[in-house]
Structures are given as structure tokens and as C-alpha cells.
Amino acid sequence: MSVKSYRDAINECLHQEMERDQTVIVLGEDVVGGSGTEGGKEAIGGVFSLTAGLWGKFGDNRVIDTPISESAIVGAAAGAALAGLRPVAEIMFTDFLGLCLDQIYNQAAKFKYMFGGKAKTPMVVRMTTGAGMSAAAQHSQTNYAWVTNIPGVKSIVPSTPYDAKGLLASAIRGEDPVVFFENKLLYMLKGEVPDEPYTIPLGKGVLTRQGKDATIVAFSRMVHLANTVADKLAAEGITCDVIDPRTTSPLDEEMILESVSQTGRLIVVDESNPRCSLASDIAGLVASKAFEYLDAPIKLVTPPHTPVPFAPNLEQAYLPNPDKIEKAVRQALEGI
Amino acid sequence: MAGKIIPIAMPKWGMEMIEGQITKWNKDEGEAVSPGEELIDIETDKMTNVYEAEFSGVLRRRIGMEGETYPVGQLIGVVADESVPDAEIEDFVRQYVGGSAANSQAAPTSSAAGEPAGYARAPNPEIVLQTSAAPARLGAAEVEAQIVKLGMEISPIAARVAMDEGVDLTGVGATGRLGRISLEDVAHRAGRPVGARKDRKLISPRARKFAREKGIDPATLQGSGAEGRVLAADIASLGSSGVAGAFEIVRMSPMRKAIARQLSLSKSTIPHFYLRAQVCVDALLALREQTRRLEGQAFSVNDYLIRACALALRQVPDVNIQVHGDEIRRFAHADIAVAVATEKGLLTPIIRAAETKSVAAISREMRSLAESARAGSLKSEDYQGGSFSLSNLGMFGIDQFDAIVNPPQGAILAVGAARRKPVEANFALSFATVVELSLSCDHRAIDGAVGARFMAALRTLIEDPETLTRAA
Amino acid sequence: MQLNRDQLEKAYRLMKTIREFEERLHIEIAKGEIPGFTHLYSGQEACAVGVCENLTDKDYVVSTHRGHGHCIAKGVDVPGMMKEIYGKSGGICGGKGGSMHIADLGKGMLGANGIVGGGPPIAVGAAIAARNKGDGGVAVAFGGDGSCNQGTVFEAMNLAVVLKVPAIFVFENNGYSEHTGVAYAVGSGDVAARAAAFGMPAIKADGSDFFSVYEATREAVERARSGGGPTTLELAICRFYGHVEGDPQRYRGKGEVQRLRENLDCLKHFRARVTEAGLLSNAQLDKLDTEVLDLIENSVQGARSAPPPAVETALADVYNAY
């Protein structure tokens, strides 16, 4: 066990999984970096350094730099998976999902079903999400709701280094296509992570705080904001269950429903745009399955229905923050 | 008697009892119990009674909870010697299977031999029971130890609730997500609702809004929605401005529930019709007065009416019946159920073969039965059966009313207050003391003419009461 | 090149099977018993068979929406295919996929594909897997003059060259992408020429001549197997039917299909060639014809009488584990 950053935990997972299984390969833009340049290979290990050191250990056949061709990258990952490999494709920003969406949702997600159960597509597509760095509208999104909606593919949204390493290992070792949504603002987050390989089953959330007055469900970086709010309110004697589902598909519906059945109040914090989002999905889930238990309207803390603005003050106004979360919790307590 | 474990199961008092409500435990866990001591107060839909211990030992487990209802034969407590280890008690409780425990072959370890006899002990083997009885409460630390062992395999919320409520998780089934023990599994293991919302009142969001606007606490209301949910309509039906806490909830007792069930069934399935007659009771009152003066016995008008009904039934036996589906049972004797109002509700003790009893005998019996009824000590044979019913609300000043037939009987007579009324006699106006009678009949078995003949016979008997005092 | 008698018989049998399969479907579809969209391959048989006769079960093939021919040429079970197209249980994909999604991974057939241009990136991935396995396997992506303009195809071609993987891009240029002529849709007018822009060799061949296709493919397969990287093949061919069954084909010239069936029928060409060269006799070929017709007839009857898939199967095989 040692303290590692979210980035290092993922990197360590890739190293260990590639060590463990020869069929695991990594492909993407600049995953090695420096291909075809004077600086030579491995001048950089991924734009965010998630794949550092892999090429040196595992070589050309297993750590593959690609041109900027998202649809070919993910399509090739799907094909390689069908043919027996376990590819981990890196797509630099989740905002590029549009460029490779067909390969995920029409191809990889549907092979097993369309082919009568006889195919398996054990591919992982890693993507980076998150606003708060002034990366502007096309480099700051969090569109895991789109992937969650697709039957046949799974969606992971880890919020801590420990979760990132364990969930990525499960994704790589599993037989289903997975999209793994990292958060660029969490790469530096440090936490305790076991040194040895381990897995975390998909579809089980965690309670990061426990309480009886309200249930806060949050994703990715928002989990940490929710924890901050829960701690602040606890000092006043208001206690909250904070649930980090960790995976949006499969979703730990049971944990959410159980918690709401005890607290009667739900607040969902989601950095994605609100229409057809995880926030609205979970609100719908609770309203239809835990209706009896609600003492207050469900509160959704999300950005508005706009693209992510560039100017730092605008971006901050756009994003959920602890004040907005706290306000929502207090409103829920008042039943309004 | 070391090592002997004695199960306490919900007793069966009378053939019809299927369940009982524990109103009060008179001993705590750990207290000594000796024969004859009153252990548990239990209420059924007919009566309240006390479960007396017929054994000695220590009350080791109180499994049944006050206020809760359990079927006959269900394990509600365990008495054993102090020296019996807890683990053995746990095993016993877990393996206890309702009625079969009383049958020695299937009995768990130590209870079979020497089990005391007596009607309170024998559970009805026809009742199907849970195969594992509700577990006893554990300390939070014990549950926590169980949870630590379970690790990821229990939902954290289920874990928290299990610890808060001391639910023993040994042998709990895991039906939650990916084989996890869920909150529902914990509730199932505990055999009761658990957690923060177990007594929750269901209130619709719209009702909540209206209630807030009116300044009412919706939790105090009776809901008309599914499972008692308070709906917006319930708030709307309250008067203007609505006062906070205007209503209190009164839970129906088992007896109330039984009455509700029985009479709803009657009114909705039996085609009632009503025959009304105004009878003159001057002669009857005179007779009563005379009897009082001469024999020193004060009979009530009702006592005479019971006898009158009995004799009338003998004359028109087609009214002395019970209806069972397609079958009409015509009884040889007039078993007349007489309505007695008690604090807890309406009871109907029966005067059996009333036609064979004198007014004096009827009067004596009525007095004793009414007392028992009010004291809640009627035995089942006192109120089960009956071929006819009589209900008198005259003492409350009611002029006339129509009663509801008490199935499976075919008819019921409702009696109003005696009143001085102007009547025509010999082409002149005069006053007489009259009583309004109303006979409610089940038209499936009794036709108008038959009922009318009964009423005519009854009138004759009442207005010419000498016949009442003749021997049967 | 010399193909022995068995190989020639096999080639003819496969082409004939494809032809009769599609011709029969054309009739059955008109009866209304077959659900969904079907795209028939009649006329292009020599392309599928000419290519696939160079491949084994360890080689991969990715196809298009017009995939029956590629499936049959790659050895997928014909009665199973018919059941799949009819949407019955016992179909190759259990009735879950239908005409556009027939696949048989055991035979290296990675699926027909309903998305134009969906196949080539998958083939590149399969080629990466083959290279890593080191068993000399190759991956063939079939496409048309329609798909050759899709961005995914350009990306796949470039990626195959960059990674130098054993992929082969076969473009069956039948002159029409849906209802638009190739003269309009392909800006440069030359599909194969694009390969050079990506840095890969290209070969053009007459798609109606089995031997021409076979030879061209052999060259590409040898290059791929020996680590020489990808090749593009452009096969000039025609399709006898519309884009999809139900297409009234108003974009065709008058009498065009009639002429094509007379002059560009690859089965006729093959028969003429092998009988003239004395490699096979008409009698032998006729015997194969009869066997094929029996197979098709049995397949149709089998499909008609098979039960529909059990309703519960609709929920199965979404995930391996959820």
C-alpha cells in the first residue's frame, strides 16, 4: 500500500495488467509519443502521461502510437478484441467521442448481441473528462450519460486513485466493452493504493460519508465536493449519505434506493449538462422506485444547458460547487 | 430440568382463533418465571386474555413484540433454565417450526419431554408458519463483527441498519446486487420492517403541499390512498383553514377489525329487506311491574322480548335459520344472540334454546353474559353460533332503527325505545306505550310473507304476554 | 497459377451457391415472409469467392450490408444463414442479427455490417491481432464504391499503412453507391488510385472473372503474410439487383440488367473458361448445379419451418456479465 496519484494508479494498473496478460495492448495518439520524430519514441508517454513507460517494457506490437484517427483507433480496438486481444484504446478527450461513437455504440456494443452471443469484445476505451481548467467548450465535457444509455457497453467513472486502479483492472479483465471516464482535474489527486494488482467489481458503489438526513449521489470530481459539503453540515448535526456509484453502467441502483429509503431526500450532483443526464436518470429511478420514501423534491445540482464557457469566472459560474450543493441539501431538508 | 428449552407459542383459544395481538409482556428478558404467573396479555378479535406460565425457568427471549399480531402457533418467546447456553437458545429459535415443535418427533433438542399440557400450549398444526422464527436482538458490536467478516458482501446501508437494530445476520440470505446482502434481506431476516422508515406514513407530494398550505400536519391524517397513503383529496376534504393536529389516529383493535370485516361482508352480499311493526307494550309493562311487585324480580323488557322471539321462532321456524351458501339450516332451538355494547365494541352472547327457558332464567343468564362481555371474559362457546339476533337501542332513546343481519344467521330484530303515542282505539283517540320493531331479513332465505308471519306471531306474544310466562 | 480440379469445383460450387441463394431470396422476399432489409449480391460472386479462396479459417473477413456472398464464400453454414435471414431460431446468430449482421467468428467471419465504412477499422484491428499472434493470418475488409468515400475507411487505410499490418482493402466497385453513380461520388473517378496517396499498393481486377480476382488477391495476401503490409484491390463488377430489395432501380439504364446478366455473368464466364480448357466438364458442373439447388431448397424449407426464437433470448447476450 502506498500513496499514489490518480494518474500513477492508472499507469501502474496498465503496467501490471500488461505484465499479467500478453493479449493486453494499448493504442492511441501519443501513447508512446515521439514516433517519427527526431526526439524519438517515448519522448512523451501520453498527453497526460498515463501510458508512460509502457513502450519501453512491452514494445511496438503492444504499445501502438496511432495517427489522429479516432474512428480507426476505436474501430481497430473493436476488431482486435473480436480477434482475441484485449485492447485499451486511449482517446485523449471525451469530447472526441463524436468521432468514434459509431465504433463504440453500433459496433463494439452490439457484436455480442447481434452475433447471437458468439462474439466477445473485451475492449476498453479510456477518455478524459472534466471542466475547470479553462479548456473551453470542446475539451471540457463529461458525456458519460451517452455511453450509459447504450446497451452492450459499460461505463466507469472513478473518483479516487484506489477506485481508478481497481476498476480499470476489472474493465481490462472483463469480457465486455467498457468506456473508462477519467477526470483531468483528478489526475493529481493522491490517495492510498495497494501496490499489488487488484480488481473492484463493476456495479458496486461506495458510501463515502454516512448519515441519516439526506442522500447525495455524485460522480467523478463532484464526489469530493459532496464530501466537503457533507463534512460541513455534519458539524451542524446534519448528516448525509454520500454515494459514489463509481460505475454508471451497471449502476448500483440498489444502494441509491436503500439510502433514499432511509433518508427521504435525494440530491444528485453531476457535472454534465442536465437534459438526459445521469442526474435526470437517477432522479427518474428514485421517483419511480422510491416514491414512498421521498419527503422532499429531488434536487439536481448540474450546470445549465449551455456549452462550457472559456473565461475562468464564467466556467466557475457554470460548474457545480460546494455552495450550490449545500443550498440544495438545505432546500431538501426544508422539503422545498 | 437443566438443559430444557420451553417454547412459548401464540396460543389457540377457541376453534375460531387464528391470530392474537400481544398487548403487553409482563416479564422482561432475564426475569424468572414460575407456574401460574401472568406472562403475556393477548387480545384476539373476540376477547382479551392472559397467557399464564405453566412452567418455571427464566424468560430468555421475548420474540413477539408488543402491539404486533402473530398467527396461532408462532414462536413468541423462549423460557429456559439459566444454565442453558445462548448458542443453544439461538439454535432452538432458528430451527423452531410452528406446530410441529409440539409433536415430539420433530422437536428440536431439549423441549419435547415434559412439556406441560394445557390448551395454551398446543399450536394449531394446520397453520403454515415461517420456518425460521424472528431472530433475537444482538448487540451492535456482535453485528459489527459479523459485518466485518462479510466485507464487500453487505450493502453499507443494510450494515448500518443491522447494527442499529441488532439484527443477527447469521444465515441471512443475500439477494441484493451481485450477491450482496441488501436492506431487504436484513428486514427479511429480522422478520419485521427495519430502518428509519419502518413506521412511515405514506403521504403523496401533492397532499404534502396542500397540507403545508393549510398549516396541517399530514402525518396525523387517515389516508384514502393505497396502503393508507394520504392523498391531496384527503386534505381537500378537511374543512376550511384546517387546524393542525385536528385528528388523531385510532388504530383498529382486532375486535374492531373483525366487526368491520363481518358487517361489510353482510351488507354487501346479503339482500336485506326490512319489516317494521309498531307493537303495543302496555300489557307487557304491566306484567313486568306485577312480577316485580309479587316476586321481587326485576326483569328487563328485553328479557321478555328474548322469550317472545324464541316462541315466535318456534311458531315460524323458517326464520330460525342460518344460511350457508346454497344451504339453509333450520335450527331446532332458538339460539338467540343478544347485542351487548361494550367499550371495545359490539358483542353478541347467545341464549341457547331460549324457548326452553323462562323469562327469569333468561334474565339471569343475560345479566351474567352481559357482565362477562363487558369484562372481556366471554368464552368462545358463549358467542359462537346463534340462529337469530336481537338488538335493542331503546335505552339510548332511539325510536327506530334497522340492524344488519349477522351472517350466517338469517334475520335480526331491532328494537327501539318505548314511547307514549296517540293511537286509535274504538274510534276514539287514546294513548298507548309502543315500541318500533324492525326485522331485517336475508331475502335469499326468508321471504316477505314468512318474515311477516314471524312479526305477526311476535306481536301477538308481546301484546298478549301471558303466553310468555307460561312454561315452554 | 494453377488451381486443381477440387479447387475449381469448390470455387464453382461456392459461386453457384451464392447465386442461387440470392436468386431464391429475391423470390421469397417478394412473398413477404422475410422481415427487414435485404441487400442481394447476385452478379458479384466472383469477387467474394475469388478473394476468399485465398484465405483459411485463421484469416479474417469483415463485410458490408451486402454480406451474404462473403459469408458463404468464407464457409458460413448456408441453412443457418437462411434461418437467420428469416429471423428464426437455429439461425447463425439466433435470429438476433438478421441479414445485415451475419457472423461466424469460428470461420473468421467478423460480421456483415450495417454501417457503411464500419468494416475497415475492424479489419485493421483484426490484422493487428493476427500480427501479434504471429500466425501469418490476414484480415480482409470488403467495401464498395460507396464506402470508399467514408472517413472511417480513409482512417483505416492510413492506419494500416502506418502500422504495416496484414490488412487487405477490397473495393467491389459495382458502379452504384445506393442510387448514386460512381462517376459522381468518387471525385477522382479512380478508387484504387487513393491507395497510393496512403502509401499502399493497389491492384485493379475484373470482378466478373474469378481467375482475375483470385490472382490479384493472391498477390495481396502474399504481401500481407510476409509482413509487407496492406494492399488495396479494386474489383470492377456489377450487381443484378437494386441497392436493397424493393428498390425499383429507376436509376438504371433501359435494359441494363438484362445486358449485364447476359454479358457480365461471372458464372457463365467461369463455366466457359473451365470447360474450354478441359478442366471440368459441363456434366460435372451441372451436377454441382443440382446439388446447390437442393441445398438452397432445403435451406428455405428449413427456415420456413423453424420456430421463431424464444422470447427470453431477446434479453440474453447483451453483456457477458452485468
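Before moving on, here are some points about what is shown:
First chain written, first letter: the chains are A, B and C, and each begins at residue 1.
By definition in this document, a residue touches a chain if its C-beta (ideal position, glycine included) is under 8 Å from a C-beta of that chain, and two chains touch if they have at least 3 such contacts.
For clarity, every value in this text was computed on a predicted model and none was experimentally measured.
Looking at chain A and chain B, not one chain touches each of them. Relative to chain A, the most remote chain by averaged C-alpha coordinates is B.
Distance between chain centres (mean CA atoms), chain A to chain B: 59 Å.
For the pair chain A and chain C, the distance between mean C-alpha positions equals 39 Å. Chain B and chain C have CA centres that are 80 Å apart.
Chain A has residues 203 in contact with two or more other chains.
Residues 23, 25, 27, 61-62, 64, 66-67, 69-85, 87, 102-103, 106-107, 110-120, 151-152, 154, 174-176, 203, 250 of chain A touch chain C in their complex. Interface residues of chain C, counted against chain A in their complex, comprise 60, 62, 91-97, 101, 103-106, 110-111, 113-115, 118, 120-133, 139, 151-152, 155-156, 158-159, 162-163, 316-322. Contacts from chain B toward chain A in the complex involve residues 152, 155-158, 160-161, 176-178, 180, 182-183, 195-197, 200, 202, 205, 208, 212, 229. The touching residues of chain A, when paired with chain B in their complex, are 201, 203-204, 206-207, 210, 212, 241, 252-255, 258-259, 261-264, 292-295, 297, 335.
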